[in-house]
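The following block contains the structure, expressed as structure tokens.
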Amino acid sequence: MSQIRPAKAGPRTRLFQIIFESDTRLAKAFDIALILSILASVAIVMLDSVNRFKHYGDFFYIAEWGFTLLFTVELGLRLYCLERPLRYLTTFFGIIDVLSILPTWLALIIPGAQSLLVVRLLRVLRIFRILRLMQFVGEGRLLVDALKRSWHQILLFLCTVMMIVIIFSSVVYLIEPREAGFTSIPKAVYWGIVTLTTVGYGDISPVTPLGQFISVMVMLTGYSIIAIPTGVFSAEVIRSIRAERYSDEACPGCGYDRHERNARYCLRCGTWLNEETPDPRKVRRALSKPPSDRSDTDT
Amino acid sequence: MSQIRPAKAGPRTRLFQIIFESDTRLAKAFDIALILSILASVAIVMLDSVNRFKHYGDFFYIAEWGFTLLFTVELGLRLYCLERPLRYLTTFFGIIDVLSILPTWLALIIPGAQSLLVVRLLRVLRIFRILRLMQFVGEGRLLVDALKRSWHQILLFLCTVMMIVIIFSSVVYLIEPREAGFTSIPKAVYWGIVTLTTVGYGDISPVTPLGQFISVMVMLTGYSIIAIPTGVFSAEVIRSIRAERYSDEACPGCGYDRHERNARYCLRCGTWLNEETPDPRKVRRALSKPPSDRSDTDT
Amino acid sequence: MSQIRPAKAGPRTRLFQIIFESDTRLAKAFDIALILSILASVAIVMLDSVNRFKHYGDFFYIAEWGFTLLFTVELGLRLYCLERPLRYLTTFFGIIDVLSILPTWLALIIPGAQSLLVVRLLRVLRIFRILRLMQFVGEGRLLVDALKRSWHQILLFLCTVMMIVIIFSSVVYLIEPREAGFTSIPKAVYWGIVTLTTVGYGDISPVTPLGQFISVMVMLTGYSIIAIPTGVFSAEVIRSIRAERYSDEACPGCGYDRHERNARYCLRCGTWLNEETPDPRKVRRALSKPPSDRSDTDT
Amino acid sequence: MSQIRPAKAGPRTRLFQIIFESDTRLAKAFDIALILSILASVAIVMLDSVNRFKHYGDFFYIAEWGFTLLFTVELGLRLYCLERPLRYLTTFFGIIDVLSILPTWLALIIPGAQSLLVVRLLRVLRIFRILRLMQFVGEGRLLVDALKRSWHQILLFLCTVMMIVIIFSSVVYLIEPREAGFTSIPKAVYWGIVTLTTVGYGDISPVTPLGQFISVMVMLTGYSIIAIPTGVFSAEVIRSIRAERYSDEACPGCGYDRHERNARYCLRCGTWLNEETPDPRKVRRALSKPPSDRSDTDT
């Protein structure tokens, strides 16, 4: 949210602190109220779709409009207290804010559109702004670090898997009768992924011995290779945790900045790192040599 | 169970030791007998619900009442030998003890209630009191530590997942025909979780190509992200294991900081680690050499 | 197989080497032939049960008897070349050897019993005798170590899970209509495990909203807690691997035998471990003190 | 692809660089164009099998032949610019190149064969030639290392699992009625694997209490033992990561052996690690002090 800056004026800055930050008590209260109303509105959208609650239809309708107006006003305030309102609309949360009220307005034209209101849930992501306690961020960072370092291995993994699935699936498509549900290769691929991920709906399942043999291959593959992303990610998390063991303050001698927290000498230039206490080597040497020598060993 | 203290009187204290502790042979015997009768009573509750055993109904009925009376008496004794009986009823096990006999009494009024008697199983948790061997506790602690340190990462993970599922599900709800079983958003969410967790009942499954495509997305997500809680937890368990085997304080001689807790000399440079007490070697040496020598052995 | 010793006589000892050991070329050939015939016999048992192969019935029947006689003879030879034949029959492989031929003989009395012949597969475990290459054993040991150290944590985990499942299941049993398939608590528990393990047959699935809500709880539980045994086991495997880093040769000073392979001083008594080269401390000290001193520092 | 060498002649060498390498801009463009056309052709093969697109049949037919001719020409060029064309046809990619055009030609004789064209996907493996960035290869190597070191443990694991499944399945085959779908042992094994891998189609599921009990055993087994390959693989990945970051040779000064590869001084005792070349500090010091001083700084 770097590009979000409050407007100059006094009251708007104050409003900014309440709406966009969560340091003051008032701001926290606002955030919590917002999140609760988001959850409530989502609940209503969901219940609205249940048949047995049809006779509450009017209530839902009113509540729905209530929340929509509420969020519309809130968005208005957000834009009002910003220096660059339009730029906010291009941020992740800006887009979500709009999406979260658009459907109701659209529903005036297109019926059924308000089911999309669940997108409001994304606004709950704001909750993490409250949860931003030190440790929490710390651990969040660990996860993010690990994901960053493992994502393209896992992507590589998924691509390979997809290729295998597509090839296996089309073989099964050739083997299995159309009646078994393998009416097309895409459908067969759907079956293949249902099988590999061990979901196994059973809406489509092979009936020929050969088809069943191949699907057994797919199952065992899916059952075994799950170890790969898990292993990679575990390793990365562990690496991240260990990374915490390193201090990033630079060595006074050579500036190298990845020493273990308890390192006493720089691993690159051998400089004594602990600046509070004197270097034992120097002390020893000092005792056994003429002072004239000390100057050039200060590196 | 800190707030559980025996009553003053002699016999009640003795009873307390038998019922609440498991050090003496008699106490152990009591615990085991209790657990066996708990398991037996649960088995009877379960079998009682099976149709083919209907003609054993009377036997089950009697046994059921037998166990109920037994546990009622036991609870009475527990309360009797305690200093503060009522406070016990507020503890975890106190509540369970009551819950485990309540249903039968209730069943006199509400039929079918005794199916709830399986809650008795929770009393089996007492078994861990017996298994409290050193190592066992130790490892238990490891798990608990790891869970404590990873629970809110895993919670964070589950919340994010839930949001994704709800949004995907309602999109599928819009796409899929009602006949396919997606009769409401909550139902669609039920389907979404069935799919993401790779359970895949198949009681509801998408029929439209687009719906199937989205469900494939959900499956692959569920299949991949399981790596996250697993990775986090593995890392925490490993950290716990390492934490308990090694002390973190660095060797004064060379700074090596991964000594096993029982190390007395640094395994790298042989320096005496226990700084409170003097190094036996130096002491010995000191006794047998001129003071002039001591300086260079201080490294 | 410690209690297996060859008979005294010459030829029988030679036979022993061929049948029970796998060092000589002949012994290896015997093992491989044995394993192939085991696999073949199992294949035949399996194919025999397939309807479309019914007309090969006679061939299967003959082959079946062929293998049975073969294995009977083999067992005879095994017993013949042993010092204590009867004791062998009490070993794991002895029992399996008998089980693997018994069904066919039994089938003369009880029809259908020969389906049990698949137990022959267990004899394939002998294959590991061939695979007993150094590394293989090494890694096998790692796994076994890890399993040994993690089994009761995993057992503890499974017990807790079972209790949760039973309790959840009986609640669902109370909620769901009998038509949905929840005809008894054991059946509900069957459903519960099908759900928790994310197998999800779909032969029984909840139909009431409340039932579906609870099953969602069960699914999420099953989906998350898989992280626990995985984490524990991963940690143990890693610990085993690290354990390889320790040498188990005892310290000459105090006999402590868990030093890291590259340790130079005993972490308990500070003795110099590397016996080939002299202790630098002693050397330094030796240079700076009267010889009279050296004797008592040899500890 | 070591046995692939360009032909001597000038133009063909140039062509070789474009087709087989990906260093020049032109070569990269060629690779990308190739991959896109591969993906496009696969997409067409898949869509071709969908009923609702039947009326695009002619278009698909033409496009299909277009791609086939394109790939045929490409293969021709590949062979043309090689020194040993026939040898290329024996390489992995050579075989795939042929397989990826063969089906269309075959389809002139055998109808439906072109469904096998999805094998073209394998050609996309060429993509990794483009992605061959340093880090990427590095991480790929990590995975491969880990797989190499864990594959026969995982194989051992799968074999054991298969044996257990086969034995359990044939017991269930004996118990369950044929109507439940357990018509033969192979079918029962198919069910067993569907269950153990937690896929759970539900096309075959036990109906007798005993059968359901055994399948519960299978489920719990499958649910628990997934921890084994995951644990093994995680451990290996972690080992690979650590192996590459640290050198194993111990510091001559203090024996600490977990220095990062680029360390020049021991981070514990400041000793110069690179034994080939002299320590710059000592050199400097040597130049500026009397020889009598050198002895005690050799520690």
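First chain written, first letter: the chains are A, B, C and D, and each begins at residue 1.
Please note the rule applied: a contact is a pair of C-beta atoms (placed from the backbone, for glycine too) under 8 Å apart; a residue touches a chain by one contact, two chains touch by 3 or more.
Fair warning: this is a prediction, and the values are worked out from it, not measured in the lab.
Undergrad: Average the CA atoms of each chain to get its centre, and name the chain whose centre is farthest from that of chain D.
TA: Farthest from chain D by mean C-alpha position: B.
Undergrad: Once you count every C-beta pair in contact for both, which comes out on top, A-C or C-D?
TA: Between the two chain pairs, C-D has more contacting C-beta pairs.
Undergrad: Compute the distance, rounded to whole Å, between the mean C-alpha positions of chain C and chain D.
TA: Taking the average C-alpha coordinate of chain C and of chain D, the gap between them is 28 Å.
Undergrad: What whole-number Å value describes the gap between the mean CA coordinates of chain A and chain C?
TA: Each chain reduced to its C-alpha mean, chain A and chain C end up 40 Å apart.
Undergrad: Hunt down the residues of chain D that sit against at least two other chains at once, touch-wise.
TA: 186, 198-202, 222, 226, 230, 232, 234, 238, 255, 268-269, 296, 299
Undergrad: Where on chain C does chain D make contact in their complex?
TA: 42, 45-47, 49-51, 112, 115-116, 118-119, 121-122, 124-125, 136, 139-140, 143, 146, 154, 158, 186-187, 190, 193-194, 196-203, 222, 226, 229-230, 232-234, 236-238, 241, 262-264, 280, 284
Undergrad: Considering only the defined contacts, which chain B positions touch chain D in the complex?
TA: Against chain D, the touching part of chain B is residues 198-202, 230, 234, 253-256, 268-269, 296, 299.
Undergrad: Inside the complex, what are the residues of chain B that reach chain A?
TA: 152-153, 156, 163, 166-167, 170-171, 173-174, 183-186, 189, 195, 198-202, 205, 209, 212-213, 216, 219-220, 222-224, 226-228, 230-232, 234-235, 238-239, 250, 255, 257, 299
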